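Look for chain A in each of the two complexes below; its partner is chain B in the first and chain C in the second.
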Partner chain A sequence: MSDPFFFEHDGTRLFGVTAAAEAPATGTVVVLCHPYAEEKQLTDRVLVRFARHLAAAGYGTLRFDCLGYGESAGHLGDGRLDTQVSEALAAVAVARERLAAARVVLLGLRLGGTVAALAAERDSGVAGLVLWSPVLAGRTYVRELLRKKLAAQLALQDGTSTREELIEIIRREGRLEFEGGFLTAPMFDDLSAIDLSRQVTRFAGPVQVATIRQRSENYGPSEMLATAYRTAGATCDVAIAGDREYWDVKSMFDGVFPEELFAASLEWMRGHWPRAS
Partner chain B sequence: MSVEEVIRTYITREIMQGRDDRSLALDYPLIDEHVLDSMDIQRLVAFLETQFGIRITDDFLLPDNFASVRAIARMVTELGGTA
Partner chain C sequence: MERPLFFPSNGHRLFGILHRPETGRSSTAIVFLNAGPQNHTGPQRIYVEAARRFTAGGFTCLRVDLPGVGESEGPFPENNLDCHDPANVRGAVDLVLAEGAETVVLLGLCVGARVAARAALLDPRVQTVVSWSAPIISGAPDIIAEAISHAAARGQIRHWSKRLLQPSRWMRYATSHEARAEAVVKVRHVAAALLQRSPDQTVPRFVTEMGKLLGSSRGVFVAYGERDIGPRAEFEDHLGSLLHPERPDRHLLLVPGGDHTYAALAARDRVIEETLAWLSRRHPGGSTSSYTAA
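Here is the complex of A and B:
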């Protein structure tokens, strides 16, 4: 049973949805962190569906919208990476209170995975992490974002700016119209600076890093993150599940869900936080 | 199949969802007629890179290079792609 509500964080009204675990419960609540910009909209149903799987398996869940998304206050351009991290931590606190959680696990998809990982660095009370295709390298990620903008510009015949000119617009005007909102210069810098394997130094709980199958079979970046976690004292498993980017438009319209990933993460969760017998 | 035919087949089957590929003329204006949206372009670029073993940098994301099947094929050939 889903229970929508609002909570305040740092003067901002944020929207959340909790779902109680079906009995017998595990005492574990999963807080789900959504991706950035359009990917958030495209993966809403992915996270809703997995939250339902989790509830059926005995895990409470809390999904929430960051500042500027969904029912929450503000605009996309208002937020920064650090804002999202602090909102994830606020959501963890809300989950503990509202669902009387014995432990809270953070799960994040794409940039939400990065946010979850950075939040766990700050809150030693987070019991575990599930990171689905997190953004590992900011420079690669912003290159992807700008490529999307270039493709949109091309399709809509809306200018012929080069990548360098788009960056110049961000610097000169402080923001760039992007996927119905604005990519601001501070957020652009925040995203560019992501180097997750170097930023992970403290979290020592169980971690699952999940990635989709690559044609090149190059999982080096995910393995690097896993190594960083192990160095910090965590146990970290890399799961390779699915072979299709489930955060794009086609997947959404085709109703494609990453069921192989769902199964892998559920099995991993059960292994760490099983139902009470 | 020629480079043009490979591209035409991909666009017809994957983007136009199966319309008879013979109906897509090589010079049909893909951008002007809104056959390609931004996501289609990204997927098409990924397909071209894999299929032809080329690298399409951001500098090539220009209207002239995606105006038609023939224009895309010309770009692919210039980048060293062969059927």
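Here is the complex of A and C:
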């Protein structure tokens, strides 16, 4: 049974939904971090369904909305990458308190995966990490965002722009209208600077990095990230699921769920934090 | 004040976010219905933005997750224009009436507009429908794009004819593979629709239902983005004559620069502000409540 609520962090009202584990519980709570901008709406069904799978398997869950997302206060563009990391850590604290968690695992999807990984670098109490197609290289990711913006302009039959012109707008005006809000210059710089395999140096718990076969260009970077975690002392498994991309508009309308990914992550969770026998 | 809650409806346990104005209860409540499989926040959070502004204007709002969407349980909705059962809206109407509203408005975008219209026909307690970007026959482009209607194809031809003389258009097609690919798909759909032997001879069910709604005593606010070519053309062809411009309880808004989901911020602001202004005229009691907070 899910329990929606608001909580305060740094003077901001954030929204969360907890679900208690079904008995017998594992004592482990998973905090789920959502992707950037409209990908959050496009993957809402995925995180909701996986949270239900987790609860049925004995794991409590907390999903939450960052500043400017969902039911939380503010607008897209009010926060930065560091704000989201700080909010993820606040959500971990809320999960510990509300669900009396013995341990907390962070799970993140796309930019949420990056946020989860960066949060775990700061909180030694995080027990594990599940990273679904995290943003590994900021330069590639911002190119993807700008391509989406150009595609949206094309669909709207707005004035023709190039990627360089969009970057020029961000530099000149400090922000670019993007998916119902703004991609601000500071956030653009934060995202551009992501180089996740160089940024993980401390976390030493178990990590699962999962990608999908359709995104085969991520295999190399995912392995680099796994190597970085292993160097830091963590155990890291890379999972490649056969699911099709599940964070675009079409996959949402078609009701695509990454069931292979769900199964791989649940099995991995059970291997590390099983139900008490 | 915003409050998350669950409530019963037609045998389901549904989730919603209830917004109440700072002054307490309002006599008019606006119920937001899901745009297909998109949760209670709406595409690009348009429902959150609209509900917050409507509440600041004195209205109560309830943003609902119908079965299978967002926080509500049930099978995920199928990809079709009538994926939501209008009977499931009844519990939301019960809820806002129990919260003190006397007048109920149903609001939806895209598929949400269709379920709003159909639910209003089933429930005499609904006085007003706000219909944003209702698809009349065809699906929204790029979403349910297997087929488009004859009317939508003609609308697309009219739209293209204005742009054929613009060199920037041709430059775009010459330089962008994505633009060419998109154009090929659209040309195929338009050609297929225009080459049908018996185009649109049977009146689709939703045309009849929307016609009934427009013929009733309920208030109806209809909005389309000016660039939402297919649905707009279908509405104008099949239902435009029923709007009766002399009736103040009917309104058609064409949003400059608006697409199907009013993705541009200026378009989003325009559709929200014009809707709020119209609702405030139609339901002035909504913003000057005779109720006090419980």
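The definition used in the following text is that the second predicted complex is superposed on the first by the 271 of 277 C-alpha atoms of A that agree within 3 Å, B and C clash if a C-alpha of one lies under 4 Å from a C-alpha of the other, contacts with A are read in each partner's own complex, and residues count from 1 in each chain.
The rule is short, and it goes like this: a contact is a pair of C-beta atoms (placed from the backbone, for glycine too) under 8 Å apart; a residue touches a chain by one contact, two chains touch by 3 or more.
Note that the structure is predicted; figures quoted are calculated from it, not measured.
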For the combined arrangement obtained by superposing on chain A, do chain B and chain C clash, or do they fit? clash
Once the shared chain is lined up, is A:Asp44 touching chain B (first), chain C (second), both, or neither of them? second
Could you tell me if A:Glu71 is touching chain B, chain C, both of them or neither one (first, second, both, neither)? second
In the superposed arrangement, does A:Arg230 touch chain B (first), chain C (second), both or neither? neither
Broader residue contact with chain A after superposition on the shared chain, chain B or chain C: C
Given the touch rule stated above, what does A:Phe5 touch, chain B (first), chain C (second), both, or neither? second
Go through the superposed model and pick first if A:Asp248 touches only chain B, second if only chain C, both, or neither. first
Quick one: classify A:Leu156 as touching chain B (first), chain C (second), both or neither. both
First (chain B), second (chain C), both or neither touched by A:Lys148: first
Please indicate which partner A:Arg172 is in contact with in the superposed arrangement: first for chain B, second for chain C, both, or neither. neither
With the two structures laid over each other on chain A, which partner does A:Arg139 touch: chain B (first), chain C (second), both, or neither? neither
Residues of chain A that lie at the interface with chain B and also at the interface with chain C: 151-152, 154-157, 160, 249-250
Chain B partner, complex, touching residues on chain A are 146-148, 150-157, 160, 162-163, 215, 248-250
Counting only contacts in the complex, chain C reaches chain A at residues 2, 4, 15, 17, 36-39, 41, 43-46, 48, 70-71, 76-79, 141-144, 163, 168, 171-172, 176, 178-179, 182, 227, 257, 259, 263-265, 268
Chain C-facing residues of chain A, complex: 2, 4-6, 15, 17, 38, 41, 44-45, 48, 69-71, 76, 151-152, 154-157, 159-160, 177, 179-181, 249-250, 252-255, 257
Please name which positions on chain B make contact with chain A in the complex. 31-32, 34, 36-43, 45, 50, 58-59, 61-63, 66
